[in-house]
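Below you will find the structure I want to go over with you.
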Amino acid sequence: MSKNSPGNYFEDFRIGQVIRHATPRTVTSGDVSLYTGLFGPRFAVQSSDAFAKAIGYPRAPIDDLLVFHIVFGKTVPDVSLNAVANLGYAGCYFRAPVYPGDTLTALSEVIGLKENSSHKTGIVYVRTTGYRDDTPVLEYVRWVMVRKRDEAAPAPGDHVPRLPTVVEPKVLGEACPALDIQDYDFALAGSPHRFGNYAVGEKIDHVDGITVEEAEAQIATRLYQNTARIHFNQYIEGKGRFGRRLIYGGHVISLARSLSFNGLANAFHVAAINGGRHVAPFFAGGTVFAWSEVLAKSELPGRDDVGALRLRTVATRDRSCEDFPLKTGEDYDPAVLLDLDYWVLMPR
Amino acid sequence: MSKNSPGNYFEDFRIGQVIRHATPRTVTSGDVSLYTGLFGPRFAVQSSDAFAKAIGYPRAPIDDLLVFHIVFGKTVPDVSLNAVANLGYAGCYFRAPVYPGDTLTALSEVIGLKENSSHKTGIVYVRTTGYRDDTPVLEYVRWVMVRKRDEAAPAPGDHVPRLPTVVEPKVLGEACPALDIQDYDFALAGSPHRFGNYAVGEKIDHVDGITVEEAEAQIATRLYQNTARIHFNQYIEGKGRFGRRLIYGGHVISLARSLSFNGLANAFHVAAINGGRHVAPFFAGGTVFAWSEVLAKSELPGRDDVGALRLRTVATRDRSCEDFPLKTGEDYDPAVLLDLDYWVLMPR
Amino acid sequence: MSKNSPGNYFEDFRIGQVIRHATPRTVTSGDVSLYTGLFGPRFAVQSSDAFAKAIGYPRAPIDDLLVFHIVFGKTVPDVSLNAVANLGYAGCYFRAPVYPGDTLTALSEVIGLKENSSHKTGIVYVRTTGYRDDTPVLEYVRWVMVRKRDEAAPAPGDHVPRLPTVVEPKVLGEACPALDIQDYDFALAGSPHRFGNYAVGEKIDHVDGITVEEAEAQIATRLYQNTARIHFNQYIEGKGRFGRRLIYGGHVISLARSLSFNGLANAFHVAAINGGRHVAPFFAGGTVFAWSEVLAKSELPGRDDVGALRLRTVATRDRSCEDFPLKTGEDYDPAVLLDLDYWVLMPR
C-alpha cells in the first residue's frame, strides 16, 4: 500500500460519508499580520483590539475570510485534489467568532453525487463545517467536478441536493456578539455611512486596483495549508491548459473584500455567502478591481445593533469599475473574474 | 452622495483643521516577524525579548520605523491620496516605545497651505501624531503637493510654517527608558563600538546590497495599510509616468536602516528624523546599498546611559558605496535614492 | 579601525576558538505563520496547540527546521561571509523543544582547519550550539570552504576532526517529551501510517512540486537573519558565476520536508540530520519535487511512545519523482538538488 495519498476520485465518495480532515490549525496574530500584508484589509473591528473591545468583542476577531480559507484549505486533500473545476458554494454562514489562539478543524459530509454523462467525471456535493473545539464556526456547501479514476467504475450515487439560494437572515448574527453600537467610532472606522444610509439597488465603485504577484498568491494559499496543485507547480502547469499557475479563487474574493472598504468601511462582518461564481481564471500580473451593488437589506430578528446588507460584489481584471461592468448580453463582461453574493453586517 | 472616498484635494484643507485618521491598528509580534522577513533587521533590542529585558525594557519594543510606517499609512487616505509628490519631513521624533499588543491611531493637524502659481496644485503641511491610547508615540511634520479638484477654486489658505531643521537633543530620549547599560552585551549585539567610538565626520560603508521584489514591496506597504495607489496598481501605473509601480519611499528607508547594522550595530533606537529626501524614484528589481556619515554627536540631558549620533544615511540603487557617493557637482549622484538625516541612540 | 565587519577569512580562525554570535532572536507565533506561508508544512503537532497538548506538549513546538535556520543564520556573519562553498553537516541533533516566546542564541567552536593546496582557501569546521537561555536546543558540525584574505598568510591550523556519519539513536528523543500516544489522532494528523508500518528500503514519492519565487526565498532567508550576500544582491550576483541570486540551501530542505508530508504525515519531529549534500545550486523559477527512502529504523532506548526512521530525502528540480531519481552512473542525476540523511520520530 502506498503511503502517499493520491486524493479521492469520484467513485471513492459515498452519500452520507463523513470525512474528518487533517490538519488542525491554531490561528494566531501572526496569521492576521500576514493576511494584512497580503490583502491590506482596513476594517477597524478586525484591525484593532481596542476598537473591538469598545463595542463588546473580547478582542479583535479573525477576519471571516481568513477563517473560510483555512477551513476550505483543509478539505482540499480529501475533496478536490482530483477536481477539474470548483463549481459553486451555497448556504455558507459563520456561526461563531474566531480569535487568535483558537484551533480550527474541519469535517465534511458528502450530501450529493451526480456522474456526468461522459463517465469521466462526476459532481461531488459536500457540506463542510469548521470547528473550534466542538463549536461550529463556519458551515457551507460546496460542489466540485471530480475526475473518475476508472471510467468503467459504477457511479457511487445519484442525488443532487436542494440548496438554498440565499442564507436566511435569522442566522446572520450567529458569529456577531451583541454590540454596544453607541461606542462604535465611525470616524475611526473610516466612514459615516451606516446601515440606514444604504439603499437597495445602490452601486458602489471601490475605485482602487491591486496587482497580484505569484509570490503573494503562493504565500497566501500555503498559509491556508491549501494543497491544490494548480496553484504551486509551474513545471506541471507550464505544460497545462493555461501555461501557468492558476490563482486560488479565494484570493480574488479576499482582494475584492479589501477593496470594498472604500465604500463599505462599516461592513465589518461577512456573515454569510449566498453563492459565488469564479467567472474566469485569474493569473499573476493581473490587477483586480471591484464594485458592489446592494441587493437587499434585512434587519436581524431581535437585534437593533446591526443590520444586514446583501451585496453582490463583482471583481474584474485589468478594468476599472466606475461603470459597474457585469454582463455583455447574455455573457459576463470578459473582464469579470468574480460574481459574489453575500451578506455583511453593519451598525444601525 | 457617493459612499466611496475620493480623498481630499487641495481646496478641501483648512489651516487648523484636525483629521482623525482611520484605521486603528493593534501591532503584534506577527507584524514584527513579517517586518523581519521583509527587511532583515538585526538590532538586538528589537530582536530579543531577553536582551531588551536585561537592559530595562519590559520586552522587545517594536522597530521604530515600523511604528512610523503604520502611523504614516493611516494618513494617506486623508492627506495624500491625490498627492503629486511627497516633499519632505521635519521634526519627526519618537515619544514613547511601542510594544506588541499596543493599538496605534493617528491624528493630523493642517499647519500650512500654499497654492502653487499654476493653480493646479498646492502644498499641504500637516503635523501628524501617532498615539497608543492617549499617549503620543510619534510626531512629525510632512508636506506634500496635492492636486486641486478645481483649478478655479480659491486657495484655502496661505501660510508656510517655520519648521525645525534638526530635532533638539532634549527630546531624543523620550521613547527610550532609562537603561542598565552595564547589562548591554556588546558581543551579542554584534559590535564593540559604542557612542564614544564614533567621531563626527566619520563615514561608514554598509557594504551589502538588497534587491527588492514587487511582492515584497506590496506586502510591506499593505502591512502598514498604506493605500497610495501608485504602489499597487500595475494596470494604471503601466500607462503612467514611470510605466510601473513606484516603491514606497519608506521601503528604502527601512532597507537602509537594516543595512546600516553593518557598522552601526549598537545604534539600537531611531530617536528622531530631522529630514529626508527621496532623491529618485525606486522600482522593483533594483538593489539598494547604503552608507552613513556621523554629522554630529550629542549627550542627552540628565542621562549617562545613552548618547545620540546624528547620521546622514545615503541609499543608492545598483551602486556599491565604498566611495560614499553623494553629489556630482551641484546635483545628486544619479545612483542616489535617499538622503536621510536622523538621530540614533547608542550605549555610552 | 573600520566599524563595518568584513567577516572572517581563513587565517582569522584558530582551533578551539569560541565565537558568540549576534543577534539574539525571540521566536514567535508570527515566525510560525510566515514559515507556514512560505513552505506550507502540515504536520499536526507544529500546526495545532490543541493537538500538541493532547499528546503531552505544553503547546505546539516551533518547527525543527525553523529553529535550525535561525541558529544557522546567526553563524553566517562570523563563519561563512567569505565562504566559497558550504561543504557539509554532521552530528546535527535537536536537544530541546523550542516554543513561541523562547529566545535563541548561538555559539560556535572551531574544531578543525585545513588549508587547501592552492593557499587561496581553507576548510573551517565549526561545532555550533543553539541555546534557549542556557539550555542547548540544537547542535551540529558544519564545514565550509573560506577564502584567505592574504594567500601568503600561514595556515592558522591543520586538523580535520573525526565526524560521525550518523547520529546515535540514544540522543534522538532529547527534543521530544514523553508522549501520550493513545491520544495521538491519526485521522486528524492526516495518515494512518505509524512507525510499524514503514519498512527499511521502502521508497515514497511525495508527488507534489512547489515553484520558488525570488521574493519567497528572500523573505525566508531574512526571517532567519541570514546575511549571506549571494541570496540577496542581484546587482552583484548578476555579474557573478551564476548570473543570479542563489537560493539558500536550507530553503530546499524546508520545501522537501513540507512535501514529505504526503507519505510521512506522522513523522512529526526531525530529531537529527546525519548529513546532507546540496548537489546542485538552485534558483528562483525552479520547481522542487521530493522522494524519500527509509534507510533504517530504530527504537529509542527506554521509550515505547515513538520510534525513529532514518530517511534519505532527495529533492529534484523540474522533475517529478515517481521513479525515485538519484544517480546516473557514478554521478547524481542532473535534476537532483539535495540528498539529505536524517532521523524523524513517529508514533509507534
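The first chain written gets the first letter, and so on, giving A, B and C; residue counts start at 1 in each chain.
To be clear about the criterion, a residue touches a chain if its C-beta (ideal position, glycine included) is under 8 Å from a C-beta of that chain, and two chains touch if they have at least 3 such contacts.
Just so it is clear, the structure is predicted and the values come from calculations on it, not from any experiment.
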| item | value |
| --- | --- |
| Same vs different contact residues, subunit B with subunit C, by half of numbers used | different |
| Rotation, 0 to 180 degrees and nearest 5, that superposes subunit A on copy subunit B via CA atoms | 120 |
| Centre-of-Cα separation between subunit C and subunit B, whole angstrom | 36 |
| Multi-partner residues of subunit A (at least 2 other chains) | 28-31, 33-34, 213-216 |
| Residue ranges of subunit C in contact with subunit B within the complex | 2-6, 20, 22-26, 28-31, 33-34, 77, 101, 103, 105, 133, 213-216, 218-220, 222-223, 225, 227, 229, 232-236, 245 |
| Residue numbers on subunit B that touch subunit C, as the complex places them | 28-34, 36-40, 42-44, 47-51, 60, 187-191, 193, 197-198, 202, 204-211, 213-216, 219, 262-265, 285-287, 318-320 |
